[in-house]
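Look at the two complexes coming up: chain A is in both, with chain B in one and chain C in the other.
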Partner chain A sequence: MKTEATAVSANGRLDAIANAGRRAFVFLERTGRAGLFLLRVLQSIPAVLARPGLIVQQVFSVGVLTIVIVLVAGAFVGLVLGLQGYNVLVRFNSEASLGTFVGLTLVRELGPVVTALLFAGRAGSALTAELGLMKATEQFAGLEMMAVDPYKRVLAPRMLAGFISMPLLAAIFSAVGVLAGYFIGVGLLGVDAGAYWAQMQSAVDFDEDLMTGFWKSLAFGFAATWVALFEGYDAEPTAEGVGRATTRSVVSASLLVLGLNFVLTAFLLETDT
Partner chain B sequence: MEVWVGLFVAAGFAALFMLAMKVSNMSTVSSGDGYEIFARFGNIGGLNVRSPVRASGVLVGRVSKINYDSRTFEAIVTLTIENQFNQFPTDTTASIFTAGLLGEQYVSLTPGAEDAVLKQGDTIMFSDSAMVLERIIGKIVTDKLSE
Partner chain C sequence: MQFLLCGRVYPALHSVQCPVQAESCRLTGPGQTVKLPARMQDSPGSDILIRVRGLTFRRGERVIFDNVDLDFQRGRITAIMGPSGTGKTTLLKLITAQLTPDAGSVEVASRNIHALSTPELFEMRKRMGMLFQSGALLTDLTVFENVAYPLREHTQLPERMIRYLVLAKLQAVGLRGAAGLLPAQLSGGMARRVALARAIALDPMMIMYDEPFTGQDPISMGVLIKLIHTMNDNLGLTSIIVSHDVVETSSIADHIYVISDGRVMDQGSPAELERTASEWARQFLKGLPDGPVHFHYPAGDYAEDLFEN
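== the complex of A and B ==
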């Protein structure tokens, strides 16, 4: 009786270890598959460049349909930055630096990051669901049967579209945010309009700040689209599987963007004086 | 649909353009052509590359390089001055000042009275080093103590 109990508990412990090992193995396997998947998609991109119609179609569903949410979010983030910045700066009698605060925050960090999160939520989830459904209804197998490479026809155009759309969306987000900050600061709180623009211009550097944000948004577009495409293509071909893949796509893309943001900031930010 | 995509791309580029011209200092960066003059300082304080060079408070150029001369134990600062400001006399003084109490440091040029002007590769004869806050405080303290 006693020996049996110890055997069971030992078994339980072994099970836990085996489980953890299996999970780690599955994770590694998925990561490997995602890497190979990315390689094949990138290899297919040159073939797609000859058919711009496919890319335009995807830029529409990935980029154009995301504009409204980016516009609204950018405006609200800009409004909040204006209010918060003014509230702090007015204590030091330096509310004229509001432009610097709003401009730097948006161009360097919030523009690329928040846009990427919205992008993962709006465009990424749509991509995953679409591809997952295509897989569940065996459309990829159908394409292959007709000797059409799904990587060239379906995946590569979507990858390119995400890559093209993200920097443009991030730029729109930042621009709208700066204007919203102007509206709050200059229009409602009485900051001098000249000081708002002049201080912003003297503090925001083209190479160090604007280009940093641009590179970030490119990298985020790449990462978020990659995750969305892979999760969709790798989804379990059932209704439940597609749903799970969509959730996982948004969660992992968002986390990937935030983690990548830290790494890129550490690389791109010149901390030495 | 193509129209919408075109509109989207145009709006994206318009936003990028607006950020470049209106938000960043792209519009105030000179076209890059200018002439270089050198200035020697005993101490450059917090001056760094791309710090502004001003004359009467007007931006006339930027610091393009900072070197250390190990023979004279001085800093050699290369100033790139825009071509349109080519009338600085040879006895111009270069000083390092701080914008505001704790602001960024910049090189200020005070023109002299000579007729000849500084040209590419010339070295400024007179220079005032940066005021280091600790040194000033130390001086005040020792002055007070010796009274």
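== the complex of A and C ==
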């Protein structure tokens, strides 16, 4: 009896190991496919540069249509930073440094990261759903049968659009956040307006801070768009498949952005020192 | 294949000077040279446009095609028929090199399509039209733009000429009036007709229809049958129809292959298949509920199943 129970328990453990192994293989296989996919998209980019109209069209749907959510989110984040920053700084009689606090927080961290998360949620999910539906309705196969390469006509313009839009959206987010912080700090809590701008101007460095935010937003735009495009193109061509791909796209892109943020922060801080 | 420009007929694949006085030409503009869409240079010596030999294709453990030979004759309508899930659409994907076979070859216009480089394959595909079951229209483009799409991608025709060609193709399928509509505003039958207009935009040598009659009302079905027949005869196309609609397909096909279980069960003209000796083919073509394909899914003894403890 005891031997039987031991055998069952050992089998259970073996099954768990086999399952974990299987999942690891699936993950590696998918990652490899995503890498090859990215390679093909990047190879197709030179062909797209000859047709800027395609890129402009996608910058509109990927970037311009995301502006509203970025404006609103940037304003709320700026308002909260103003409140929290004032609340902490006033204890040390250094509320005049509110501009520095808001500026550095937004430009170095929150601007690129929150914008990338919003980008993954709004533009990334829309891209995945669009591509998944194109696959489900055989539009990719239709393009291939018309001797049109979907990588050149559909995927590469979207990749470039994400790459171009993200830094611009992050800049808009940070600018609105700074204004919202000003509104709370200077307008409502009585911080001196000159001190707010002067402190920010002296503390926020172009190379160290603005460029850090720029490189981050560029990397996040690249990563979030890559994930969104791959999930859409690789989606199972059914309604359920497209739904699953869209969810996966947002989750994977968000985690990738957060992980990448840590790596980039460590790397850029190291470079700065 | 001929090409009409400003009232004159040209063989395709030519650069021509607009024949009308520069100022009065409404299509090309003053003194413009027009490169007409490429027309296939298939080897006209052979009667067989597509030759499939020893085709074997598997999905995992499942064998979809097992050493299958098929011939598609130039200028004729050949139908591939068989039950759902037998791989009819897969066959079209193999013929167009969207899939690669495990063994065997597919020769289109005397060239092994799976041995072509990507640019060569795309050149070949310009000469192959395909009508997908869903239409596969680009949903963010109007009907006009959908039909114009291959012309814009593969030719340098002036806008006036593109408009002329697109309207001519849409007129041929009876949907010139729907040029401004979006695909979402079309019925299933209309979407397939637009897709047909798009498929013939580059004047292909052949056209493949994937389940063209599925889900169509009788009027749409009649329209599609007429269009496929007319297109084939008037444009000198070679047509392949994949379908399980026996009556409709038999009414226009010159030759029919009946496939199942990865092999050709029977073949011949519709009249020959009427008198087929194959019991399986007879059951399929006449839609009999029982025969070699049993009504019951394999199961144990009924009484035993009912009264077992």
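In this text, the second predicted complex is superposed on the first by the 258 of 273 C-alpha atoms of A that agree within 3 Å, B and C clash if a C-alpha of one lies under 4 Å from a C-alpha of the other, contacts with A are read in each partner's own complex, and residues count from 1 in each chain.
Here, a contact is a pair of C-beta atoms (placed from the backbone, for glycine too) under 8 Å apart; a residue touches a chain by one contact, two chains touch by 3 or more.
If you're wondering where the values come from, they're calculated on a predicted model, not measured in any experiment.
Look at chain A after the overlay: chain B and chain C fit there side by side. After overlaying the two complexes on the shared chain, residue contacts for A:L168 are found with chain B alone; chain C is out of touch. In the superposed pair of complexes, A:A239 makes contact with neither chain B nor chain C. Applying the stated contact rule after C-alpha superposition, one finds that A:T137 touches chain C and leaves chain B untouched. In the superposition on chain A, A:V90 makes contact with neither chain B nor chain C.
Contacts of A:A20 after superposition: neither chain B nor chain C is touched. By the touch criterion defined above, A:V148 reaches chain C but does not reach chain B.
By the document's definition of touching, neither partner reaches A:V68: not chain B, not chain C.
Between chain B and chain C, the shortest distance over C-alpha atoms in the superposed arrangement works out to 14 Å. On the side of chain C, the complex with chain A involves touching residues 96, 98, 122-123, 125-126, 128-130, 132-134, 136-139, 149-150, 153-154, 195, 198. Those residues of chain A that touch chain C in the shared complex are 133-134, 137-139, 141-149, 153.
If you check the complex, the residues on chain B that touch chain A are 1-2, 4-5, 7-9, 11-16, 18-20, 22-29, 46, 48. Chain A meets chain B in the complex at residues 56-57, 59-60, 63-64, 67, 103, 107, 164-165, 167-169, 171-172, 174-176, 178, 197, 200-202, 204-206, 209-210, 214, 273.
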